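Each in structure tokens, the structures are laid out below.
Presented sequentially are two complexes of chain A, the first with chain B as partner and the second with chain C.
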Partner chain A sequence: MTTTLHVAQQFSKFPGGRYRRISEFSGEEFRERLLEPALRSGEKVTVDLDGVAGYGSSFLEEVFGGIVRTMRWISREQVNSHIAIETNRESWRLEANEYIDDELKRSEARKVSA
Partner chain B sequence: MKILAAVRRRIVSPLHWLAWDHNLKKLGYGRKVWLQRRDCKVRAQTRRKRSNAHQRIRGARDTLLAPSYFTIAAALNERSEAARHFLAFLRRVRTFRGKHLCIDMSRVGRLIVNAALLFKAELCYLSARGVKLSGKPATKARSQQVLTQTGIAELLSIPLAKAVDREDTLHWRHASGVWTRAQPSRLAALLDPELDPTKSSLYTGMIESVSNAIEHAYAEHPSRRHLLPEQDGWWGFQQLRDGVLSTCICDLGIGFTNALPVRLWSEPDLLHKLMALWTHVKGADVQSILAAIEYGRSSTNAPQRGKGLRDAHRVVDDAGEGHFQIASNGGFYFYKREPGKKDATMGTRRLQGSIAGTIYFWSFPLKSQILPAEPRVQGAIP
Partner chain C sequence: MSEILKILPSLLVVGGWMIVYQLQALQARRKVLREEVEKARAAVLTLNGDALRFHMSAHSIADRLALVAALTDIERRCELFPQISVARRTWLPDAVPTNKAKVDSALIVNVRQAITLNHFDDESAAPLSVGSTQLEEITAACTALVRSVDGVMVAALD
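Coming up: the complex of A and B.
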């Protein structure tokens, strides 16, 4: 089963900053309110990024980098089996993937140092 | 004896007395004493007048004369004293401690968007502090229309222009929000209806700037201004003129220097790069801006942070041409992309005074920002 989360329809057309304490419609809020519950139900989640005014880097990092940190994923396969990104803006997809990869690298480094 | 007593009381300095004695030696003793006393009296009166000039009489209005040209950094081919005059005027507005301020706008002839925004922000701040604002309208019809359209006329309680119909004033838009929490929907006022918001990166730059303002600009710091909980903390202006969209976001926070103080001992890996930077760049404000841009520094020191300024540059990169500027306290940074040129140019300079806040400014031709539609893509693997 796959669940699709439409950011514009289910969250906001004007996504905010990184944290709840500094912004309405923050990346942290999206991750905690919509993305994590959907993932914890065991379904693969497709995040539809289209239809919004734009995304700040901090929003995308907190959603996609943050989900890797929260779910403690350690490989790309794990990520791909749980989450997919849908958009007609290639730059958003590349950016989201960049944050996922960066976080995977950091978790790998932490694992090695431990 | 009386004169000696006066010397002891430091009303008359000994050297001054000797000079007097030399010049007046042909006068009688009584005449000398009379002249000395008169001199002391005049000096005391002058001192009293000077000290009274700084005291505000309760209920009295203080009037400031606004300069003719509102600009924070004059272009290289323009008179630099215009920026100096405006910054000095802005400092007088900022440091005003009275109850009622009257600003004479009669001479105002030209307003640059970022300077006008700073002025409005300072007026909003004074108004929130309980200062009663009033003003005299601009004599030029065009300036009066701009003041009306930007909301400055309303703040100063000056008569609004009967009609705002000039092409260059009609397309001024403004927005603002509280300093405690970013309200992204407030930025919708600055998204041009002609510009497809889903194909523009302007919103990205603006939301990052506002988030930065709220998270960093109003951080606890001795230099932070006193703000009430629901007081506005960021302001935005936008102007469409000759097909060029100019947008700016400003805050009255502590600036890059205080929010991100550059401490080499805490960043030893950056030492060499920063030392190279130091030799070319003067001024702590400029150095802090450059350090934040070049190295994606963040006050949190978290590896995933410090990406906001990258978004701000991307607005111009996506447009293909245009300008991006940051002014923070006394520092100024610009990033310029010209059509047909592969590399962007950037530079810094010191402002002729502090703006006591931070401004982000973007300017790009509107048509170039509308990107062609990209094919819909699905999947996580790039």
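Coming up: the complex of A and C.
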């Protein structure tokens, strides 16, 4: 089963910054309130990014880098089996994947140094 | 033979008309492309100035939203270039080869990251000072994007 989360319809057309304490409709809020519960229900989640006014990089990093950190994923295969990104904007897809890959590299480096 | 000679002038007229039509269509698409490129270029330069002002001033939520919307608008404009340059009819040539009309999305990502990854959300953060590295990064990323947009402009010249 796959669940689709539409950011524009289910969260906000004006996504905010990184953290709840400094911004309304933050990446942290999206991740904690929508993304994590959907993933914890065991379903694969597709995040539909389209339909919003735009994203700040801090929002995208907190959602996609943040979900790799909180779910403790360590490989691309693991990420791809749980989450997919849907958007017509190539740069949003590119950037979201960049944060996922960066976080996977960091977790790999932590594993090596441990 | 005489039959062919009879219809030759008509064939020449039709052939000439087709060549003229192709050239006019090509020129018209290139002109539209150049106009869109100029608008996108201006939008990037405006964004550069607005982003520097945003980071050097007291935090404004309205300005933050405007910057995010401007980034989306620039990406939308850049996405239009290949769409404009591609001929609608297969027998017409493209205004510009698709690979030359495309702006690399990584450049747009770089601009967004330079402007919105750090020092963008926190209302209590102090404004950046003139020598800040982030301000230099914003200008460098915008300049790289403008150069790429200029490349499309050069390719679209007649």
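One rule holds in what follows: the second predicted complex is superposed on the first by the 114 of 114 C-alpha atoms of A that agree within 3 Å, B and C clash if a C-alpha of one lies under 4 Å from a C-alpha of the other, contacts with A are read in each partner's own complex, and residues count from 1 in each chain.
Rule of thumb we're sticking to: a contact is a pair of C-beta atoms (placed from the backbone, for glycine too) under 8 Å apart; a residue touches a chain by one contact, two chains touch by 3 or more.
The structure displayed is predicted, hence computed values, not measured ones.
Asks: Return fit or clash for chain B versus chain C, each positioned on chain A through the superposition.
Replies: Here chain B and chain C cannot both sit on chain A without a clash.
Asks: Looking at chain A, does chain C or chain B touch more of its residues?
Replies: Result: the larger residue contact count on chain A belongs to B.
Asks: Examine A:87 and indicate which partner it touches, taking first as chain B and second as chain C; both and neither are also allowed.
Replies: first
Asks: In the overlay, answer first, second, both or neither for which of chain B and chain C A:61 touches.
Replies: Both chain B and chain C are touched by A:61.
Asks: Does chain B (first) or chain C (second) touch A:16, or do both, or does neither?
Replies: It touches chain B and chain C both.
Asks: Please work out whether A:53 is in contact with chain B alone, chain C alone, both, or neither, and reply first, second, both or neither.
Replies: both
Asks: Tell me which of 109-117, 163-171 or 199-207 in chain B produces the clash with chain C after alignment on chain A.
Replies: It is 199-207.
Asks: Common interface residues of chain A with chain B and chain C?
Replies: Shared contact residues on chain A: 14, 16-19, 22-23, 53-58, 61, 89-90, 94.
Asks: Within the complex, which stretch of chain C touches chain A?
Replies: Residues in contact with chain A: 64-65, 68-69, 71-72, 75, 79, 105-106, 108-109, 112-113, 115-118, 120-124.
Asks: Within the complex, which stretch of chain B touches chain A?
Replies: Where chain B meets chain A, its residues are 181-185, 187-188, 191, 197-204, 207-208, 210-211, 214-215, 303-305, 307-308, 310-311, 373-382.
Asks: What residues of chain A sit close enough to touch chain C in their complex?
Replies: 14, 16-19, 22-23, 26, 53-58, 61, 89-91, 94-95, 98
Asks: Using the touch definition from the top, list the residues of chain A that touch chain B in their complex.
Replies: 12, 14-19, 21-25, 46, 50-59, 61, 65, 76, 79-80, 83-90, 93-94, 97, 99-100, 102-103, 106
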